[in-house]
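To keep things simple, chains are lettered A, B, C and D as they appear, and every chain counts its residues starting from 1.
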Amino acid sequence: MNDRNRELRPFVPQPDDDMIVCRCEEITKGEIRRAVHDGMFTLTEIRRYLRTGMGLCQGQTCTKLVKGIVSRELGVRPNELGPATGRAPMRPIEMKVLAKDKEETK
Amino acid sequence: MRIQEHPILGTYEKGKLVSFTFDGKPLEGYAGEPIAMALKNAGVMVHRYTRKEHKPRGIFCAIGRCTDCVMVVNGQPNVRTCITPLEEGMEIRTQYGVTAEQPGGAAK
Amino acid sequence: MNAEVIIVGGGIIGCAAAYNLAKNGVSVLVLEGSENIGNGGSTRNGGGVRQSGRDPRELPLVMYSIEHIWPQLSDMLDTNVEYYQEGNLRLGSTPQHQKILTGLADSAAAHGVDVRMITGDEARRINPYLSEAVTCASWCPTDGHANPLMATMGYYKMARRLGAHFISGEKVVELRKIKGAARQVVTASGNVYEGDKIILAAGYESRFIASTVGIDVPMQQVLLETLVTEAVGPMFWQMLGTADADFYGHQTEHGSFVFGLNSGLEPYAKPGKPLSSSIAASAACRGIMHYFPDLANIKVVRTWAGWMDACADHVPVISKVEEVPGLILACGFTGHGFGISPAVGLVLSQLAMEQETAVDLSALRYDRFQ
Amino acid sequence: MMKRYDMIVVGAGPAGLSAAIEAAKKGMHVVVYDENAKPGGQLFKQIHKFFGSKEHKAKIRGFHIGEELLAEAAELGVEVVLNAIVIGIFPEKEVTVKVEDHVIHVKGDTILIATGASENMVTFPGWTLPGVIGAGAAQTMMNLHGTLPGKRVLMLGSGNVGLVVSFQLMQAGCEVVAVADAASRVGGYGVHAAKVARCGVPFYLSHTIISADGEDCVTGVTIGEVDKNWQIIPGTEKHFDVDTICLAVGLSPMSKLCDMAGCAMEDNPAKAGFVPTVNEYGETSVPGIYAAGDVSGIEEASSAMIEGRIAGIAAAARLGFISEETCKEEAAKQEAALEGLRQGMFAPGMRGKQITETEEGVEISQNLLKHGFVAEEEIERFPGVTHSAGVHPVIECTQNIPCNPCQDACPKHCIRIGSNITALPSIDPEKKCTGCGMCVASCSGQAIFLVNEDCGDGTAEVTLPYEFLPLPQKGDKGVALNRKGEKVCAAEVVHVRSAKAFDHTNLLTMKVPKEYAMKARFFREEETA
């Protein structure tokens, strides 16, 4: 159970709020912290709202960093946050390659 | 800079010396080595400038995961240069944003 | 915990209803069964804001949304919902397609929607990336698209700012009547919440929850699959579909393409966690490249699947339930709820506040199947 | 009809190849897919000698282990497909793979997921500048592609990866200006730290990066000391001119594929992240899908190989290629080997615990934990450090780690570890050292020296392991460095031995004034000596 209206510590600007956290989508620490205060309490919601981890690297670089920031903001342990779901394709694949998946197209 | 001889690994197997261009400048590298290595050995550090903040990026993970090293290769943007083998005559360009477009409007 | 209105389901319908109620000073509690807001079809759709191809019974809702809400929604929600009203092209390449598209266009035109048939060349003038394979298309210039993720999270964010209370991971299993009216909501964790009105907007799950007060909505759970590509430079802004319905989608403001897929096997997906199939993305890529050869080199970065609540007659139930006073149903959206969600949120709030609804809902009553 | 294998292995690293080998030995039809152009996973970047015992392939360099595994797999008919990207695992154990320019669909009666780990990162102003790289990137550039990552490097992270890569950077010809770590203690093996420190690399514990400087690429880095709340203490800033900042701040299991396959997952800090829950055979909650190696919990490559073998054995039993009894028997043997590796101060169960004494009751070197080297006043208390007339081994092995090749290396049985693999080596005073140097070359931690404390002419001779180029020659004059890497005295090379059996570890013997016999631990050519 996750009460989305529970009291968080007030949002206080931090000196490193403009630091890039998601390298692909260029999302900053401040944007992530802001989003938490706007109710994005899970990694999935942060992704949906800010696009962190949705870039070309598919979240391989920043997922753990985002998790750290969100958990600190919420005052919970990182492993309480749960993961972002694993989805195919595991690596970016060109449409023309995906399209060739029948024996006869080889 | 290339390592000429390594105390444990000795010398490295290399492909044929080939020429390619980086932003129009002729450079040389070894066929089959990642494009990023050829560039690094030629002293190229900046592979692209990001879309939002126009910040420089280069090699970061070197194994095809982080996608920071993407460039425009033969007109195709977003090519991961750290895992794409170098070929004779390749045209490599600095990538600006997510497209093949170059500053001044000259695409591809 | 009590509230004037309890909303079961934190998808875009529930969030939009919560927003409209909170804006009117009504106390609202939203219970979402999963861990995440917008976990069902709300964030797993192609983002179409279409009139063309829509069942006439839904048209008033979408037309109201397009006329009164979508253009202002980004400001209303303090969130860029990326709404683009740049038209909808539904593409065809065979005489059979021409027939299907003409039928859809005629039906829409008869209901006052500007949908016309155009030739392949006309289509290519609108979208120069289309291949020569396209021989005909229906064209609705007033259609468009928006970003489902941003719209859903935007409604949630703003509803929450306005005071709506949200709890996730709280799965509703039962509704209870008190002295003849639906008042209590019981969750799997054993909590009981009480409200004057209950809006049931929990997708397919609504069927099981409604049955606890003796109401059935004939629905089926059908898989929805979507793929997303890497971002590229802007190419075109129209919403796209095909006569075969093998893919639909658009390019987002961010530059990535979002395409809904259709392998034909969706109704037969196994129940449980929605799983992407191993063939749908490939089939869709073939279809997309047939019409858009320039997309061949673009990389797919993600696919995902979700459930939609397919109603027996393919349009939703948005209705008060007079025989269970206090209960309001909003389910069975059949995969095209996103475009109408702003108006649905509004009318649900009006139903809950016992006001006249902005749009006539009589064709969407729950008892139409009897 | 879809092609079907008895086992599909995702990832041709140590775990995946070991599982494939074991399964193929039992008669299974196995395919291994790996996204890289070269198989072996990280093994091919690991040019140091491995720890452990014989059964763990101790004292063999990682890339040679990779070559051995590949050869064994090939001999057993395992199909290893490279440049093959597994796109996803779908119901009914269907796997889609990008091969060349198309996608294939295959099914496995069992699947082993051995996708390894990905590197963690830290943020600081400038961390996106070209020149800030992962430690893995540095290894890939140097050891696979013969490319120097930079000229002057700062390493962030004092775990084994940070230490090993720092050493590799120096082997490749880079200057490592410092090893920094926000933790208050060196995280990796003390012996790895010591071999870096004695080359003159300063360690800054409780330090983190304040910023990377530069416009278009890194030109410098500023670090500073952190307090208990990880805040920079003003006035502790230190600047280094560097062109490269290397990040080695841990690994996380790369387990997305397990999640997609429907395996029950857990976020387990003891396993360094999000991992599939597995039984003692590595089987996930989905029957027939196994996970082995870093993907199911970060450990060493040696453990990954054994986990892979166990999964291979279990899969064979599942499909009836071997009996349950054989499976139990063989798995038990492997379990015992795995247990052997999971002992000592760095065992997975010890994570986060503060250790003050060795198993033998010897007080731990605090200097080693804080500065990367054992202080002179600390070294004498360890059992490997003794004094006798003539040449004798001095074993500066001060932490309980599972490793014992030195015991077998000595033909005269001078070195004793015993049956407890983590015990500190001790010297048998009854046995006579001949100075053959096999122990020096065998020590994966480069912690063994041969010392003749008094050659009779006021000098002493110190033999040390040397893995750098150019290799000094007999008669070269230079300086001796102490454990901290400070010049302590003049030194002359009197002997350089290279032998096939030493496997690229050269034995350099230098002559120093005898009062430096227990201080001088590294040699540097120096014009100004």
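Note that contacts are C-beta pairs under 8 Å (C-beta built on N, C-alpha and C of every residue); 3 or more make two chains touch, one makes a residue touch a chain.
Bear in mind the structure is a predicted one, so any value in this text is a computation, not a measurement.
Decide which interface, B-C or B-D, involves more C-beta pairs in contact, and give its chain pair.
B-D
Find me the chain with the mean Cα position closest to the mean of all the protein Cα atoms on display.
A
State, to the nearest whole Å, the distance from the C-alpha centre of chain B to the C-alpha centre of chain D.
Taking the average C-alpha coordinate of chain B and of chain D, the gap between them is 30 Å.
As a quick test, compute the distance in whole Å between the mean CA positions of chain B and chain C.
43
I'd like to verify one number: the distance from the centre of chain C to the centre of chain D, where each centre is the average of its C-alpha atoms, in whole angstrom.
The mean C-alpha positions of chain C and chain D differ by 52 Å.
Measure off the straight-line distance from the CA centroid of chain A to the CA centroid of chain D, and report it in whole Å.
Each chain reduced to its C-alpha mean, chain A and chain D end up 31 Å apart.
Which parts of chain D, given as residue numbers and ranges, touch two or more other chains?
35, 88, 90, 96, 103, 105, 118, 128
If I count partner chains per residue in chain A, which residues reach a count of at least 2?
20, 23, 55-56, 60-61, 82, 85, 87-89, 91-93, 96, 98, 100-101
Can you list the chain C residues in contact with two or more other chains?
Expected reply: 230-231, 276, 279, 282, 297, 299.
Which residues of chain B touch chain C in their complex?
Chain B residues touching chain C: 51, 76-78, 97-99, 101.
For a test of understanding, state which residues of chain B touch chain A in their complex under the given definition.
Residue list for chain B touching chain A: 50-53, 55, 57, 60-61, 64-68, 70, 78.
Which bits of chain C are touching chain D when the two form their complex?
Contacts found on chain C: 270, 273, 275-279, 282.
Using the touch rule from the top, collect the residues of chain A that touch chain D in their complex.
On the chain A side, the touching residues are 16, 19-21, 23, 29, 60-62, 64-65, 78-79, 81-83, 85-91, 93, 96-98, 100-101, 105-106.
Within their complex, state which residues of chain C touch chain B.
Contact set of chain C toward chain B: 230-233, 255, 297, 299.
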